[in-house]
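Both complexes shown next keep chain A, but they swap its partner, so chain B is in the first and chain C is in the second.
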Partner chain A sequence: MAPLDELKIGGMGASRRRVEDNRFIRGKGNYVDDIVLPAMLHMQILRSPVAHAKIKSIDTSAAWEVPGVRLVLTGETMAARNLAWMPTLSYDTQAVLATDKVRFQGQEVAAVIADDPYIAQDACDKIVVEYEQLPAIVNPIQAQKADAPLIRDDKENQATNKIFDWEIGDKTATDQAFADADVVSKLDLHYPRSHPSPLENCGSIADYDRATGKLTVYMTSQAPHIVRAAVAMVAELPEHMVRIVSPDLGGGFGNKVPIYPGYVVSILASILTERPVKWIESNSENLISTGFGRDVYLEGELALRKDGKILGMRMKTISDHGAFYADAQPTKFKIGLMHSTFACYDIPTAHLVSEGFYTNKAPGGVAYRCSFRVTEAMFFQERMVHAAANDLGMDQAEFRKVNLVGDDMFPYRTAFGFLTDSGQYQKCLDVGLKAIGYDTFKQEQEEARKRGKLLGIGISTMTEPLGAGNSREYDIIGIKMFDSAELRVHMTGKALLRTGAKSQGQGHETTWSQIVAHELGIPADDIVVEEGDTDSAPFGMGTYASRSTPVAGAAVAMVSRKIRAKARKIAAHLLEVSEEDIEWELGRFYVRGNEERGVTIQDCALAAYSNIPDGLEPGLENTAYYDPPNLTWPFAAYLCKVEVDAESGVWDVLNFVAVDDCGVRINPMIVEGQVMGGLTEAYAMANMQYITFDEEGNCIGANYMDYLLPTAWETPGFELHEVVTPCPHHPIGAKGVGECATVAGPAAFVNAVMSAIEHTGVRNVDMPLMPNRVYEALKTGKDVSGMPPVLSD
Partner chain B sequence: MSSLYDVIPPAPPKGVPTRRTTMNVNGTSQTMEVEPRLLLADALRQALGLTGTHKGCDTSNCGACTVLFDGRPAKSCTMLAVQADGHNVETVEGLANASELHPIQEGFKQEHGLQCGYCTPGMMMTAKALLERNPNPTEDEVRWALSGNLCRCTGYQNIVKSVLWAANKMREQDQEA
Partner chain C sequence: MYPSRFDYDAPSTLEEAIAILDQGGGEAKVMAGGQSLIPMLRLRFASPERVVDINGIPDLEYHRIDPDGTLRIGALCRHEDLELSTIIGDTFPTLAGAAHLVSDPIIRTRGTFVGSLCHADPQGDWSATMIALGGKIIVQGPNGRREIEAKDFVLGPFVSALAFNEIAVEAIVPPAKGKALGGYLKLERRVGDFATASVAVALDMDGDTVTRAGCAMAGVGGRTIDANEAISVLQGKTLSSENIDSAAAAVAAASDPRTDHRGSADYKRHIVETFVKRVLVSVAKSEKKEAVA
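Right after this comes the complex of A and B.
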């Protein structure tokens, strides 16, 4: 019998075309706003026009008069039900509808529920709110001043605007390394606020059924099971009477992890009206009020030996979390996995100090396509490495090679205590250097300069921790970070797979089936994947931080192996031999020494329902919970070549080479899609995604006319390469990949532009590198800061 | 057959003006009584249940709501339904027939031109208008034509490939015909 061809059945390594596309290309996706329930009402939210103010009064009488209005809710009505405040995923509280003060522009103040969204909006416009404005704090430097107004006066024991102090590493050894250094290289920069901006905005439909006591919420969530637990706690509903359904999501990028006030208000509205209530925010509402990313001031220094060896690293971060500390972080780590910085470099000692502050801005710090602050960590790392190589007068590639962790050093314990386990860092860099023509670049650059052209080349290399847990160290509000998969093989050999992850475009419906095909030999087309409904999917922590393949994907492999173990017993029964005499090849068991005598996995499935051996449970289904032994550590080497126009500061990407080692690739087509998408977001952050705040805390750029997202016209092409170092602990050798490009990408673009203009003496231009900033740097030779302006005395 | 005409909407509240609007949507004439302020995107989604036309930005920037208006791409989130009175509107639901996908749909699947799928209907409608105007576009022409449609997932490279794949297939079909 010819063995099954794994690629033909859509197994591992097949660039299988996506199953979910069949509905999306027909316009038959099922996003929250597409769902219509009988007798559904519509909700709109009234938001604060100012960043910091006391609420003197709210008059809703005119709103109630609008025909078609069913309910008007304010902070007062929420407070009467103990719902004016809710807990966040970072052990803070957040106002659902404001009662005492508003603390950022766009904060939720009131809500109207009406027969249609137009009427609800009309009525919102008729609510009169009297504000007494207070001075606004727009950055953490301002927040620290002694006379700064206290933003969170609602909290007991909160005398200042500081949220946390946190540190890690060995201060004494690091101080010694700096004392011993030949050269100390320093860098200060600001990683600006950025908004993840999925094209689909957030929304929910809450449907409370008084007859059964069951609450169903259709909502835009990347982590529906966490929401179920939170809703049960906040709304004091029994958890088995709460069903969260996350249907198709129009992108997430971390923006759909937090729990937003609108969801909670729609739930109360449904309970009060006993009708389904739909809330769909507008794009401006999404941009002004939902999970921002980044906004961290990063300063640090490297202790260097003359020959280029890094002896130690010191770093301080000051982060701006907005008015509520609402980003999801693993509990132990206040500034996420910032301490994964420099993980790809062999550094004896390091020390990190972090401070977090409240400001009068929307809640920030969500992991925007990144694994908890890893984006900031790696951006600082690669900008710092770039500056250090320059300070030493060393070549950028050479300096990295001196310091990269070698292939023979794994498992490698980083200075901050992470355990990296595999990789071929030098090889990845070499592949990239060759592809971009690094050897001849210096000459090219000089010749171009003679012709008045400014060319630059930027390198970014990094490994990042993807796939939290393990559960010993990683949890969100105490819930351990593991994941699960449930597999049911039907009697005809077709199967249903469910996981606790939730795709937002990553293609789980396609790739999870490929893992099952690889493990069981059931063709991928015979497996249907379901996610996002907490009543049917097994518990999982959701999809963000590139954790789906490392954790849920591993659970899929493990549950398949459980199924195979049971099928083996059935096969032994069918073949009338003992289990020890059975061999497995893809899709088939056979008798050792007699390959012709065998049964397929499908034969075993049928027997599980029709011919069960004595003592064996009928059926062929199982569930696996997977707690990863470690994070996965993919590696990326990105190289970018740019040309800067000296007369305008405009820069163009001439060539971009991406070398990714994410271990074994389940579906190469999808991996490449993830890399290209991530690189585009990196380009966007480096080049144009600018959303900031003026002195009064007004959000500048809460629409796509001002907050520029790249289109097909300006987005550069990307040349992709792969290196494969299997993950030693993951059951199929895979590592996370969805975020590598967003994490390592920005520094490649910025280093390239800096390489083109640093002959003027400039050391740093903060992102985004808009033409006016690059122009200013070129003309003055001075650094350009991106810090938001503050009112001067 | 039903004798219960439950799709008839309730009468509008007193003082709310409405207008009878008839448009041809995907080849079928549709008449609806709408408030003049109702957006075309909302009319398609709510009145006709054509939810493949997505709403993204409300400011004409993202293009998720792109439909063909008398054959030309238009952003239905910033058009009024009444403006479509007497006009032809094509949406993503009109691309495939019962048995066959449109080559643009096939192209998007073959070349992995979508991830979350939210921008896809608008992208495909814009591409359809391009290929009807220019059956053999260059990569730059495709990129320029699509520059009114945002995608946050793919980085566009595969979207461009998808459109070129479709262009090729449509030219082949034309030659066979």
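Right after this comes the complex of A and C.
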């Protein structure tokens, strides 16, 4: 019998078409806003027009008068049910509907529930709120001033605007490294605020059934099981009476991890009206009030030896979290995995100090396509490396080669204590250097400069910790970050797979089936994947931080192996030999020494329901919970070549080479799609995305005319390469990849533009590198800071 | 993102539409392509009592060139019609240059040229082009038609010279005196973005002499900026590099930009100067090429 061709059954390595796209491209997806329930009401939220103000009064009487209005809710109504405040995923509290003060522009103040959303909006417009405006704090530099107004006066023991101090590393040894250094390279910069901007905004339909006591909430959540636990605790409903359903999601990018006030208000509204209540936010509401990314300031220093060796690294970060500390982070790590910075470099000692502050801005700092602040960590790293190579007068590639961790050094313990386990860093960089023509670039740049053209090349290399994570280190509000898979093989050999992850476009329905196909030989087309319904899916921590394949994907492999182990017993029974005499090849058991005598996995499935050996449970299904032994450590080497127009500051990407080592690729096409999507976002952050606040805390750029999402027209082409170093601990050797490009990408663009203009003496231009900033840097030779305006004293 | 309540009419003649506007007493709004009006309704920046959809009125989709060379653009001519036009490329290069820079390809399929003029956005591309070309707008009201010079049509940000009971029915671009040359350059952060700064330059040339020079700018003032006077320094002159430099400097001086997150006022003025130079240099080069051929 010819063995099964794994590619033909859609197994590992098959660039199988995405099965979910069948419905998406036909407009047959089922998003929250597509769901219509009988007698459903609609909710609109009234938001604060000002950033910081006392609420003197709220008059809702005119709103109640509007025909079709069923309910008007304010902070007072919420407070009467102990729901005016809710806990966040970072052990803080957040206002659901404001009672005492508003703390950011766009904060939820009241809600109207009506027969249709138009009526609800009309009635919202009729609510009169009297505000007494307070001075606004719009950045963490202002927030730490001694006379800064206290934003969180609602909290006991909160005397300042500081949220946390956090520190890691060896200060004494690092100070010594700096004392011993030949050269100290310093760089200060700002990673600007960016917005995850899922194309589908956030929303929910809460449906409380008084007869059964059951609450069903259809909602846009990347982590429905965490929401179930939180809702059960906050709304004081028994957990088995809470069902969270996350249907198709139109992107998440970390924006759909936090629990937003709108969800909670819709739940109370449904309980009070005993009717389903739908709340769908608008683009502007999403931009102004939901979890943003980044907004971190860096003071960075590298201690260097003349020959290029990095002796030590010092970093201070100051982060802006908005009015409520609501970005989900593992409990131990207040500023996420910022300390994964420089993980790909062999550095003897390092020290990181982080401070987080409240400001009068929407809560956030979420992991926007990022494994908990890794994007900032790696951007800081690669900008510091770029500046350090220049300070030493060393070639950018050469400097990296001197310091990259070598293939023979794994497992490698980083200065901050992470254990990286595998990689071929030099090889990846070499592939990239060759592809972009690095050897001849300097000459090309010289010649172009003579013709008045400014060319630049930028490198970004990094490894990042993906797939949180093992239960010793990683949790969200105390719940450990394992994940799960449940596999049911039906009697005809078809199967249903459910996991605790939740696809938002990643293609789980396609790739999970491929893992099962690889492990069991069941064709991928014979497997259906379901996620997102907490009543049916096994408990899991959801999808973000590139954790799906490293954790839930591993659980899929492990549950398949459990199924195979049982099928082996059935095969032995069918073949009338002992289990020890059975061999496995893809999709089939056979008798050792007699390959012709065998049974397929489908034969075993049928027997599990029709011909069960004595002493064995019928059926063929199982569940696996997977607690990963370590994070996975993919590597990326990105190189970008640009031309800068000296007259306008406009820059064009001439070539972009991305070399990714994410271990074994389950579906190469999906991996390539992930890399291209991430690079597109990286390009947007580096080039055009700008959202800021004026001195009064008014958000500038809270719409998609001002805050730009790149289109296919201006997005450059990307040349992709791969190197494969399997993950030593993952059951199928895979590493996370969804975020590599957003993490490593921005520095490649910025370093390229800097390379084109730094002959003028400029060391840094903060993102976004808009034409006016690049032109100013070229003209003045001075750094251009993206520091938002500071309120004058 | 839910508009206020409004009544909707879809008249089938201009007369009917004008009568509805007249009865509306300023509370009715015309909708052609809807690409600006609908977002404004959704944001509740505009809350008209009545929307008068003119898409059902026949024979307004045209753009054509009269025997005397006059270009006529009907009220329902879409941006895309001009982008794909086979007749304006050679005769109206400034228009052709702008046609593919107006917003993005999706909006260009629905949005209209004349509607964009009426919207009077200070960052609008077509107003600048029309002013540079010395165009006119024909408007029709209860008492018949009148002509308004493009330079007088835009009164301020989002305010045009249209009376509440008038509809802009046609835009007219006069024929060139000699050979029409020029172009439209726009600094945008992304396809579909409004102009950070843009310049429309329209030249009529007799041999290597400029017989008429027109220029206007978008994004660099509280309204579309008429720079016809500034660029008139080229009138009767050749496109020597000195003349180009002085024209570009004069246009830049006529701009009135504001510092904002897209750049400082100085930067925008510099962009205007650079772009005017670029258009003029490319015109001069194309003239030279033709002379050699």
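Just so we're on the same page, the second predicted complex is superposed on the first by the 793 of 793 C-alpha atoms of A that agree within 3 Å, B and C clash if a C-alpha of one lies under 4 Å from a C-alpha of the other, contacts with A are read in each partner's own complex, and residues count from 1 in each chain.
As a working rule, a contact is a pair of C-beta atoms (placed from the backbone, for glycine too) under 8 Å apart; a residue touches a chain by one contact, two chains touch by 3 or more.
What you see is a predicted model; the values in this text were computed from it and never measured.
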Partner chain in contact with A:Thr711 - chain B first, chain C second, else both or neither: both
First (chain B), second (chain C), both or neither touched by A:Met770: second
Touched partner set for A:Tyr118, first chain B, second chain C, both or neither: both
Partner chain in contact with A:Asp21 - chain B first, chain C second, else both or neither: first
First, second, both or neither for A:Phe441, with chain B first and chain C second: neither
Partner chain in contact with A:Asn283 - chain B first, chain C second, else both or neither: both
Which superposed partner A:Gly507 touches (first chain B, second chain C, both, neither): first
Winner by number of chain A residues touched, once chain B and chain C are compared: B
First (chain B), second (chain C), both or neither touched by A:Thr692: second
Chain B versus chain C as contact partner of A:Phe589, first or second or both or neither: neither
Chain B and chain C contact sites that coincide on chain A, given as residue numbers: 118, 282-284, 705, 711, 713
Complex contact set, residues of chain B against chain A: 13-14, 35, 37-38, 45, 49-59, 61-62, 64, 91-93, 95-96, 101, 105, 108-110, 112, 114-121, 124, 142-144, 146-160
Residues on chain A engaged by chain C in the complex (per definition of touch): 44, 117-118, 120-122, 125, 282-284, 647-648, 650, 687-688, 690, 692, 700-701, 705, 708, 710-711, 713-714, 770-772, 775-776
Touch list for chain A against partner chain B, complex: 17-18, 20-29, 31, 33-34, 36, 67-68, 118, 197-201, 248-253, 282-284, 504-507, 669-670, 672-673, 676-681, 703-705, 709, 711-713, 715, 717-718
Chain C residues touching chain A - in the complex, by the definition given at the top: 1-5, 43-44, 104-105, 187, 189-194, 196, 261-264, 267, 270-271, 274
